[in-house]
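In the two complexes below, subunit A is the common chain; its partner is subunit B in one and subunit C in the other.
This part shows the complex of A and B:
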């Protein structure tokens, strides 16, 4: 608790604590939901409705869990984009960053499997589309797909194993979160100016300063959370998921939850063959690549300056990257036709160019603004300005 | 200066992250349907609650018209006397339930009179039987149908939906569907047993126009309730409201809890901020 923490952290640094809270909320509500849920294709849909209609407090617990997934990802994306802007992935925090990427991927897998459980139309068809992806893997693809589904098509075995894994993965996430926090305690926090802590004057003890600030931010975060839970619990979902799964009827558009849309766009954008790689495998490689690329980010961006505040060129490309990422989200919800396919290709191209070309190049050509010599100096200058 | 920049960045990022789900959800159901008028529902918005009389009328429409083909398998008789609903008394519900027969393996003849704890009996024993009786089309179950439909709003209307908590897309669609029957335009190919509907995706719907003026004689008016017109427009509003209640029977208590929770959180956040400021006092940061 006396962990010395830079005193200049802004509110973006509270999202780590907020995410721990989100994980806690999901685990607690999830355990209660599992007491009432039935993982069977004939009963799953009605059992979720049973929770909402007949279980005491069930509609609130269910809504907190469903809305909680969206809030979790909102916080997760803020946390990641904070790291991208302030260079939190740079040495000596590579391990911390890579553990974070692992948490991100595990969380997406968990959320995806959770979305299957209500066994609505989007659950079923989402599961069908995503498990189909694995058949693109060379040689072992077909067997892998059958293993995931527990059969040749999505059915009761799929629902059962996804339920089992959806219960297991959060605890693995919690374990990696523990490693993530451990890895944070070795080099200490990055901070908005990206200058390492030089002396005791630069820091304050974590408790009570940051425990209090984090708790305040958590309470504020719960306000929009509660807004959705109590006033618009269905607005973040898709109406089709209130139709029980039916393998005979395909929805007009199969759309994953909003937080998976950027990667869904990347998957769909590759609709052409590259040499011996067909479009399906190409899409899978692009999607997997877009996530795995994050692992090597610390070695792609070689600029010694961490904070985007002191990188005049980087900032332009960074904000364009943010807009581009929102574009990827938007395009994931659109039908893959007409102008959308072209826009999707442009956005996907920028996603990769940002990491593979712009960041390595910028570190060579950019002249950063002069850095303050210490956190204390920058803080005092701000106070006198 | 620095903090200004942070505030701007925070607003931009928050806006961006709010826009993400907003953009995604734009793709609601009812993709290819034409513009659907919003009805001024009593249960819309954060202060909205159900109108008891409207739910009673809607229930009557469901019971006398819709229920002959459409099941509502999650709807229990007891729901009718629960708080925030149509406001029937328990005695009324018991008497109503007794009018219906429900299947029961352990009873003589495998059926018995329903009790309030029973679910609404389905009109057909199976989906296949329902299809056979309806020219191959399956009348959808009503339990959560009002939430299983939606309308897609054009930009930028949908962005405001997150702040107005607009959740009535499904009922707006159902109301538009029930009032959307028209003569098929010249050259439109309708199969036998299909009807032209302006808002139904593809326009060819297998449900014949279910409502005509005067088909339901509202009991509520006789019992001293307000005089309401017995028209297709009124019936479709009332039955849509009833369907919303079917899908979301605890809407009123959910919103009431929301006010208490958010009020608590706002006050708590204020106290937390005061404490935080006090602790950080004198620390330049």
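This part shows the complex of A and C:
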């Protein structure tokens, strides 16, 4: 608790603590659900309904877990976009950032497998579509896909192993979070002006200042969380997932959970062959690439100024990137036809151009605004302004 | 003398390498069963061959059957569908294949294909799409009356599983 923390952190810096809380909520409610759930294709769907209808308090516990996944991702995205704006990924925080990206990818994998467990139509077809992605790998693709599914199609073996892994992965995430926080404690926090801590005057002790601020933020975060749980537990899900899985009928329109939509759009936007790479492999490469770009981001954006507040040009492209990302999310939920396919290609193009062209270029041509000499100076100036 | 001892391979070097090799083989021998258990089990493989009677499927009708857990389309094609499939020039195809190569000789009216879209595995809807073949609602792949990919993200034609005609009205898949 004796961790000197910059005194100018704003509320975007509370999301790390909120994420720890979210992980805790998922683990506790998950362990409870596992006491009543049956991972068998004949019984899984009914066992979830059994939890929702018969188990004491099951209706709430199941809703907390399902809504919790969405809230987890909402917090993750805010946390990541905070880092993107304030340049938190820059030296000396590269390891911290990369561990964060690993957490993000592991969390997506966990959430995806969790969504298979109720064995509804979207569960089944989501699993089919995603395991099919692996068949795009050259040469070993088909065998890899069969190995993952434990059969030629998604079936009981698939459900069983996904349940096993869905239980395991959050504990691995918890371990990586421990490393993430350790990596945070070495360089210390970044802050909204992106100027490193220079003296004791720039910091306050973590406790009680930030423990209390974090707790207040958690309470505020729990308000919409509770609203969803009590008043609209199913609103974030898809109605088709309340129909039991049927391997012979594909739902009208397969949509993953909202938080996976941006990457889903990237996956399916590539509907043309590029040289010897066919459209299917191309989509997979684009999707994997969009995540791997985050890993190398610290080396793409070479601007020495961290905070977007002092980068007049960067800000425009950053906010366009945010809008574009929301666009990718929206398009993932639309059918792949007509104008949507074109828009998807434009949004995917901007996603890649932002990282690969705009950020490297900006670090060369942009003239940043003058930086305050220290955190205290900027805080005091604000007080007098 | 000392330098000679260093450059020559000694008994000890041999023992090091041999120990390492045994350890590597040992780790592999333990790891492989742990990975292989993920592969399809005996009960899944037992369903690998099935027979199916074609009697009663009218011209223009399709049925979907299950083979190895995968849905399979069996379609009794109309004359018109066969004609359009045959007349399509190969140059218009993304994955060029003649219609004849996708059916059994003398049984051109029967089209048997795995029903999973070759993109990401959804089940396309029959008698729809621009080519009156199949349309995959997931990401918009369009197949023709021979199940060949015409447009959209799917890379290849719908897969024809290995099968044979035992009699004129009985096929064996697998």
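Keep this in mind: the second predicted complex is superposed on the first by the 385 of 385 C-alpha atoms of A that agree within 3 Å, B and C clash if a C-alpha of one lies under 4 Å from a C-alpha of the other, contacts with A are read in each partner's own complex, and residues count from 1 in each chain.
Criterion: a residue touches a chain if its C-beta (ideal position, glycine included) is under 8 Å from a C-beta of that chain, and two chains touch if they have at least 3 such contacts.
Quantities reported herein were computed from a predicted structural model and do not represent experimental measurements.
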Which superposed partner A:113 touches (first subunit B, second subunit C, both, neither): neither
Which superposed partner A:148 touches (first subunit B, second subunit C, both, neither): second
First, second, both or neither for A:10, with subunit B first and subunit C second: first
First, second, both or neither for A:271, with subunit B first and subunit C second: second
In the superposition, subunit B vs subunit C on subunit A residues touched: B
First (subunit B), second (subunit C), both or neither touched by A:231: first
Which of subunit B and subunit C A:125 touches, first, second, both or neither: second
Which of subunit B and subunit C A:252 touches, first, second, both or neither: both
Contacts of A:240 with subunit B and subunit C, given as first, second, both or neither: first
Touched partner set for A:209, first subunit B, second subunit C, both or neither: first
Residues on subunit A lying within both footprints (that of subunit B and that of subunit C): 252-253
Residue ranges of subunit B touching subunit A (in the complex, touch as defined): 1-3, 5-6, 9-10, 12-13, 16-17, 19-21, 23-29, 31-32, 46, 73-74, 140, 143-145, 147-150, 161-162, 165-167, 169-170, 201, 247, 249-250, 254-255, 257-259, 261-262, 265-266, 268-269, 272-273, 275-276, 279-280, 283-285
In the complex, subunit A residues that touch subunit C: 125, 128-133, 146-148, 150-153, 155, 157, 161, 247-250, 252-254, 268, 270-271, 273, 278-281, 283, 335-337, 341
Contact set on subunit C toward subunit A in their complex: 35, 38-41, 44, 64, 66, 68-71, 94, 116, 118-124, 137-140, 152-156
Subunit A to subunit B touching residues, read off their complex: 7-12, 46, 49-50, 53, 59-60, 70, 74, 77-78, 81, 85, 192, 204, 208-209, 212-213, 215-216, 219-220, 222-223, 226-227, 229-236, 238-240, 242-243, 252-253, 255, 257-259, 261, 309, 319, 322-323, 326, 329-330, 332-334, 376, 378-380, 382-383, 385
